[in-house]
Amino acid sequence: MATKFEEMAVVVSQKEIATDIYDLTIQTKDIAANAKAGQFISLYCNDGTKLLPRPISLCGIDREAGTLRLVYRVTGEKTGTEQFSKCKAGDEIRVLGPLGNGFELGDKKAFLIGGGIGIPPMLQLAKELNCEKTAVLGYRNELFLLEDFEAVCDTMIATEDGSAGTKGNVIDAIKANGAKADVIYACGPTPMLRALKAYAEENDMECYVSMEERMACGIGACLACVCKTKEKDHHTNVNNKRICKEGPVFNAKEVEL
Amino acid sequence: MATKFEEMAVVVSQKEIATDIYDLTIQTKDIAANAKAGQFISLYCNDGTKLLPRPISLCGIDREAGTLRLVYRVTGEKTGTEQFSKCKAGDEIRVLGPLGNGFELGDKKAFLIGGGIGIPPMLQLAKELNCEKTAVLGYRNELFLLEDFEAVCDTMIATEDGSAGTKGNVIDAIKANGAKADVIYACGPTPMLRALKAYAEENDMECYVSMEERMACGIGACLACVCKTKEKDHHTNVNNKRICKEGPVFNAKEVEL
Amino acid sequence: MSDIKTSVNLCGVELKNPVMVASGTFGSGEEYSEFVDLNRLGAVVTKGVANIPWPGNPTPRVAEVYGGMLNAVGLQNPGIDVFCNRDIPFLKNYDTKIIVNVCGKSTSDYLEVVERLADEPVDMLEINISCPNVKEGGIAFGQDPKLVEQITSDIKKIAKQPVIMKLSPNVTDITEMARAAEAGGADCLSLINTLTGMKIDIDRRTFVLANKTGGMSGPAIHPIAVRMVYQTAQAVKLPLIGMGGIATAEDAIEMILAGATAVSVGTANFVDPRTTIKVVEGIEAYMRKYGVKDINELVGAVHER
Amino acid sequence: MSDIKTSVNLCGVELKNPVMVASGTFGSGEEYSEFVDLNRLGAVVTKGVANIPWPGNPTPRVAEVYGGMLNAVGLQNPGIDVFCNRDIPFLKNYDTKIIVNVCGKSTSDYLEVVERLADEPVDMLEINISCPNVKEGGIAFGQDPKLVEQITSDIKKIAKQPVIMKLSPNVTDITEMARAAEAGGADCLSLINTLTGMKIDIDRRTFVLANKTGGMSGPAIHPIAVRMVYQTAQAVKLPLIGMGGIATAEDAIEMILAGATAVSVGTANFVDPRTTIKVVEGIEAYMRKYGVKDINELVGAVHER
């Protein structure tokens, strides 16, 4: 049973929604229908000098329309992400997916926590989770996707400069709002995930984190994107789980951060 | 005094005029105004895997409009020329030129001889030569540019399969037509140029040939595209003239073919 | 397909076609089996396996470079026991040859693996004496002709399957290493392993790879690989498996013309998981285009201009 | 420009900035002077010059490869007499340093050129002991540490200008060659020369280059060059000129962080004749962006993650 598909996806629409943050919708043949929240896809450049695929998380999945929404950051000039950002409706992008495990949907009262470019994958999760849930979004200063979250769940935000919401980070926002939950789902920079892991332990919460690492194959063969795990991994039996295969979502207790 | 220009040229029009033969017109800023028949320009690919420029001879020069006409062959799949062939009106191509020496215009009765993809540069020469002149065009089987030549000079053709004109090569066509001239200008495959050099010597004619070789810089610095010459060359003093700089047009007597 | 013969014989092992995969780029085939019918490959070369599990290097383990990539995975592997119990049975489900890549930090490590494989249903062994990413063993063996000959002959004494020695390109003269392996009794050579490279993040002013250096692979290194295969083909009588930047059938044919009897697709698997099949089909198309009845006519068939 | 210091000192020679050109890619500057203000370059390194004119190799002399090129020009040059009478006076019209690349087929060839240059107004000599495209001399010297040390010390005995030894990457251990040149008294090292590669035309089944092999250059080899510059910077105290695939300011900065005091732009000149100026400007922009007051702060400044 094939669960991953390599396709030429077609750009439906794209716009810049914040500085260097792009909102791209692509039409897929099979990927969207088979995708779940927390998974990612690999996008290939059309440029033979940049060979490795770029993993980008799924911000939205429309299984009926067969479309995927990707919200990603352009990481610099002459980068693959810059190349994607220039695509217009009708352009083709070669993609591979869906990849990774995605989030397991539970029914406990949940915080959906995103930091920076870790915010987008929490949106699809917010849509799919059928439980009490609050999105906690951490920005540097410029907001994006806020209305999308507000349409589907309670939302609180933190900004580094205090220009909106709580000044500080996502934990500051939770504390400032006196919010409580039983489980955390999170995606964002490693220092944030590390802090959330500690916060969850202190507060006796479950915590699931979506991790990142430089990848090559994206399907578990090359062993580039491993993370250190408490348990022996299935593949190599050496406490190294593959982020692209066993991840990107891990129980925070299981991984070194 | 700068005589060469690096520019982003803009495609005015392009069409396929015979199998794998493309007719491209580009708008230049300074190149066309400074170009002469027999010169060439370097075209750069937009693909970082193909770094070296492709030298393409000038089929037409409109100095007032600032446009150049390039008629070239696509040499295969995934080649630079294939990339150029996909350009549409409005697309940009980075170019460098005009390069090389070009033809010296004389007033003697002339044969303008082109073989295969060596035919295009003879067209601009035919337009500029103010003398008695006959174009002699050698094709495999499929004709192209014939009407363009017929509009500016007497024209005779040879085809390898005899499907049009004289069956055979350009010298066969000259003989079949009993034609005579005092000077030959020629561009085409090396065996053709070699035969014309011998033919010119036998018939006591002047003969100027436009040569080809793999190039890198296109401006005379890298010494890749040399040909063996009778005289010591100016640059290295070793009987090696640079096709991109002292050529591509040489008196046939001066070069080994 | 019956009009052309694509099968090649590597020291007694008949491959249905010359296309295999480069060790470390294809796992043991399972992950790629979703995209590639493994039955269509000449052979699957497994990721390197040692006597015991190796955890590999810290991350980041890969970096993209112009036309290629660097890796410093460090031969993470589950050890020979898990490998024999899980990976070999998986591959036995397919009609393809199994070549096990063997790594070690000492001669006895290698010998332990080779011995353990003696009664396993695998077709050939490829000995990795050229991994640039592990401090002990690996590259140290592959850059000294005396050590190459010694370890080859030690392995040949106990190996039950034909032995392929995998050569490093990070040497002054690859033919010296090739002749040493031949003198040690190697049955076949594979080349090239990766070239040692480095990438620096100029914004952070740090090495991109945790290991500082990594092995460079991909189309960028193809011309170096072709040159080394050609030189080696002139220097030894052994059959060669050519690899290094093969991404298309054209690249594979170039390698075969240079003297390789078989070829491995490596990094290109990451770029397009179906590359191997495209190479298989492209070689067939080339043979038909030029009326080549038997692929063996092409091996080493490059000639002077 | 006065807010940042871009000048570097290479064994006593002060360059206004670290950007020079790689020998053989820029002639003696005349052809490129139509596109580049030579006054803006740290130095011009000339195409190699021998004691007598060399005709070079048969054509084709160049081939394009993925992300790079192969060349086998074979050091065509007019000999030292024409060079001194024509090329040096041309370059003296500009406010840039002149580095003369010296080639030879025997030690006495090199010495003859070095001696002839003693009273010429040139700033440094770069000794090419690493050209892969000439059968005698060149590479033969550059792959043996004893020969490297010997020829370096022979040249140093008579050279009136600082001597740069240009190293070949086609070796097992570049630091061994670097230490040999240092032991021989070299003032500076430049690296890397080209990597030997090959391209085969699969339609004609012939070598693309008349010389069969050629030296590979271009962005494809950059990670290998960065690695070798880094290793060499750890191994010797001499200043280094880094080259190999530099096409952008980012590439140049990477090389400087790896340990190069100056950098050379080579093949990229063919791709964009104004590359050198773009690199000069890009380095300045980087320094301003990160508040680097003096480029020397960046030399070898790469650090652990």
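When the chains are written out, they are named A, B, C and D in that same order, and each has its own residue count from 1.
Everything that follows uses one rule, which is that a contact is a pair of C-beta atoms (placed from the backbone, for glycine too) under 8 Å apart; a residue touches a chain by one contact, two chains touch by 3 or more.
Since the model is a prediction, treat every value here as computed from it, not as a measurement.
Farthest chain from chain A (centres taken as the mean of C-alpha atoms): B. Rounded to whole angstrom units, the spacing between the C-alpha centres of chain B and chain D is 35. Centre-to-centre separation between chain C and chain D, using Cα means, comes to 34 Å. With centres set at the average Cα position, the gap from chain A to chain D is 46 Å.
The set of chain D residues that touch two or more partner chains comprises 66-68, 219.
For chain A, residues touching at least two other chains, in rising order: 48-49.
A complete topology is adopted by the chain contact network, contact being made between every pair of chains.
Contact residues of chain D toward chain A in the complex are 66-67, 219.
Chain B makes touch with chain D in their complex at residues 2-4, 6, 44, 48-53, 96, 213-227, 235-240, 245.
The residues of chain B lying in touch with chain C in their complex are 48-49. Contact residues of chain D toward chain B in the complex are 24-27, 31-32, 34-35, 47, 53-56, 59-64, 66-69, 71, 73, 76-79, 82, 218-219, 267, 269-274. Every residue of chain D that touches chain C in the complex is listed here, in rising order: 65-68, 70, 143, 170-173, 195-200, 202, 204-207, 210, 212-213, 216, 219-224, 226-227, 230, 245, 250, 253-254, 257-258, 286, 298, 301-305.
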